[in-house]
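So, here come the structures, one by one.
What follows is a pair of complexes built around chain A, which joins chain B in one and chain C in the other.
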Partner chain A sequence: MRLILLAGFLGSGKTTILLPMAGALIEQSSKVVIIENEMGEIGIDGSYLAREGLQVQELFGGCICCTLSVGLVESIDKIEGLYHPEVIVVEATGIARPGDLKKTIFQYNKCIEKIDTVTVVDAQRYEVLRHALAPLFEAQIDAADIVVLNKIDTIDGQAVRDISTDIGLINPDAKLHTVSMDESSGFEALLRDVL
Partner chain B sequence: MSNEGYERVQTAMRLEPTDRIPVVPTLLPEPAAGLAGVLLGDMVKDNTLVVETIFKVFDEYGGWDAIYPGFYIPIQLQVMGNFPMKMSISGQELAPDIPFQLNEQEILQVEDYDRIAEIGYDKFFQEDYLWRITKATPDEVKKHMDQLIAADGLFTRCCANRNISRLFTGNGTHPFFTLSLMRSMVPFTQDVYYNPEPVERALQRMTDDLIAAKLAEMKHWDSNIWLFTEERAGGYFFSPKMFERFWWPYTRQIVEAMWEHGIVTLFHLDTCWDKNLAYFKQLPRGSIALELDGTTDLALAKEILNDHACLKGDVPAALLALGTPEEVASYCKEKIDIVGAGGGYILGTGCSVPPNVKPENFRAMIDTAKNYRPKAVL
Partner chain C sequence: MTHEHTYETASAFAGQRHLSFLEPMPIANIKEAISNLVLELTRALEVQGCTIIGHIKGRVDAGSSGSLFFNTTQFAVAPRFRGELQEPVLRAELAINIIVYGVTEAQIDRAFENSLRLILVVP
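This part shows the complex of A and B:
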């Protein structure tokens, strides 16, 4: 089974990307399940996705920091048993390090053969996140197979190039997509890579 | 307070060798419910049931060296400010078997920083902020707190009947962590980055208030350990510059003020603190202990803080919930061998025992501490 891990800091636009991505996946594959875990109000509306025909599993964490990965492992096992999906999409909480989650999933979820990590980066708040939260920010980019620089409509072209260079220094192996979901730019190319 | 288990804990806190490594799991109401087969939806209304359930587990697993005094119902954590956020409760907004959930929102506003600095955190919280997050009425809040006080008496009697002690008496949350929860993480990070002065004024006032409150509180107890929680300031999230400016100076003030009165600060530090460990060497020897959650490298902590700070931890939640008893025992033995060498170590869980812990894994952890005797600690 394939797992797509959608990572990125709080408010980076993961949910905005998840919705059309999930739609495209369901067109391609009849068995897609979404696991959603986000802090506070930012989280996706599970009932909305359900109406769109997607199976959604909400992930609870009594104490996010220590029990999140346990809940995720158990959710994956439960989903595998109930639905036998071809693809699981996990929208990780914005404070998660995808590398840590991948390690735990591969250790305990034997049904997962492949994990693709897509990290969404907020172009608008790049400066503050890059400097104030550097360790988490770098870890999220470092673990990515694909980095999505989102909200590029909020900064100028030179800033997009500077940030792209910086991301390339953190993770030279990741494929970078520059996207504006608000202006419907760059998403189709991203989708082709993800699918 | 004197009994064999607590003496063992105190010896470890003093960084001296013990006859065996003490063990103290962070058994909160949620995992206690799981281990005792009690429904969380029933636990969240009844402190008496919480206390009885915790001690039922304590008895069934043969006991351990000191007990974690976490016998709350969720709304009390909100009212006391441990979690100054909106929450969803088992059996109310959630299914009765789902642990309570925190709902982090931008409740605190920028102008509140100066209000805290001006009138003090407690007044701000009790008179204003609490009513932004809770659904409870003032009468209900009073009832919940009266219930907690009654449960405290029951907890004390249960300890006395078993001749055991609480691991700590006072507890508090770091001002940095508190503000981050109240404001929510993104706006708070933007505040400290773009407009730090009001945040610093609030942090200093909260630090002063916390010191005064905890010193007064600790006078009522025959104990010298208090718990101090921080889950965000470490190198997992924040850059060293942020840590040095917004966390470390206040931490130092608090620890040193408590230590002047002989009070040991037991830090509960979630997430990875590898990059911050060396800072703790600046604090007086024996004034602190670090409770780590399995993401900080405990062996590295031992290397850096050996003979300076007691360490506690760190059997990971994932191992307790998903591993086997053999794996748990092996993990514990390794920690006892490496971190326990020479003393200054308490075996514990990495953060809380997970709500879905396997009973056989929990038992493996407790029994390993009681029965395993490496040469290093003999």
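This part shows the complex of A and C:
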């Protein structure tokens, strides 16, 4: 079974990307289940995705890369047993370290054969977050197979190039996509890579 | 698993409130009230030393009349909405999740309660 791990800091646009991405996977006839993790005690995004018709398992009140890691492992096993999906998409909290998540899943969930990590980065707040939360920010980019620089409509072309260079220095192996979900630009190319 | 988590400096708060209106509330008014609530909340948090809004996201659930979702990551910027409500809305459940840096959970709690009182006239 394939697992897509959607990571990236709070407010970067993970849920906004997840909705059409899951839709495209379903259109490809893939059986898809979403695991939605939220730090807060109340699930907000999970109910939004469920209302859009997606199969969603919520884990809230903690982060799946540490306090809820057991819950994640159990959820994947449970989903595998109940639904036999072809793809599980895990939307991590904005403070999760995807590298830790990958290790945990590969160690305990033998049904997962492949993990693709997609890290979403907020172009609008890049400079602020890059400096204020450097260790977490870099860890999220460093663990990615694909980095999505989202909200590029909020900055100019030179800033997009500067940020792209910086991301390349943190993770030279990741494929970078620059997108604006608000303006529907760049998403199709991202989708081709993810699918 | 143990590791040093940078979110140790972040504070998380979740709140829920029942909203009831004396007469059916137009959707535009509900959106305006939520916008004002979030603007007041971010203002109060910033005054108290909040440095970064991880996110403020919430839901107004009006049952069969639908749900309105809102979120922001910025100070002094009205939230973005998605989802849909249909009139008439006489009552709804407000749920909110807040993750911010630079203030304590107790400070968020107070800021949320004060903002609710100011904007939504909660008894």
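Annotations for the structure displayed:
Going forward, the second predicted complex is superposed on the first by the 173 of 195 C-alpha atoms of A that agree within 3 Å, B and C clash if a C-alpha of one lies under 4 Å from a C-alpha of the other, contacts with A are read in each partner's own complex, and residues count from 1 in each chain.
Convention: a contact is a pair of C-beta atoms (placed from the backbone, for glycine too) under 8 Å apart; a residue touches a chain by one contact, two chains touch by 3 or more.
Source: prediction; values computed, not measured.
Judged by the touch definition given at the top, the superposed model places A:Tyr108 against chain B, while chain C stays out of reach. In the overlay built on the shared chain, the residue A:Ile95 is in contact with chain B and with chain C. Of the two partner chains placed by the overlay, neither chain B nor chain C lies in contact with A:Gly168.
By the touch criterion defined above, A:Ser69 reaches both chain B and chain C. With both structures placed on the common chain, the touch criterion links A:Pro20 to neither chain B nor chain C.
When the shared chain is aligned, no partner comes close enough to touch A:Gly186: not chain B, not chain C.
Of the two partner chains placed around the shared chain by superposition, chain B and chain C are both touched by A:Val128. In the superposition on chain A, chain A positions 9-11, 39-41, 63, 65-66, 69, 94-95, 97, 100, 104, 125, 128-129, 132-133, 135-136 are in contact with chain B in one complex as well as with chain C in the other.
Chain A meets chain C in the complex at residues 9-11, 38-42, 44-45, 47-48, 51, 63, 65-66, 69, 94-95, 97, 100, 104, 122, 125, 128-129, 132-133, 135-136. Against chain B, the residues of chain A that register as touching in their complex are 9-11, 39-41, 60-67, 69-70, 73-74, 94-95, 97, 100, 104, 107-108, 125, 128-129, 131-136. Across the complex, chain A is touched by residues 1-7, 10, 12-16, 51-55, 57-59, 61, 67, 69, 71, 73, 82-83, 95-99, 101 of chain C. Of all residues in chain B, only 30, 94, 98-105, 184-186, 189-190, 192-194, 231, 235-239, 241-242, 270-271, 275, 293-295, 316-318, 321-322, 350-352, 354-356 touch chain A in the complex they form.
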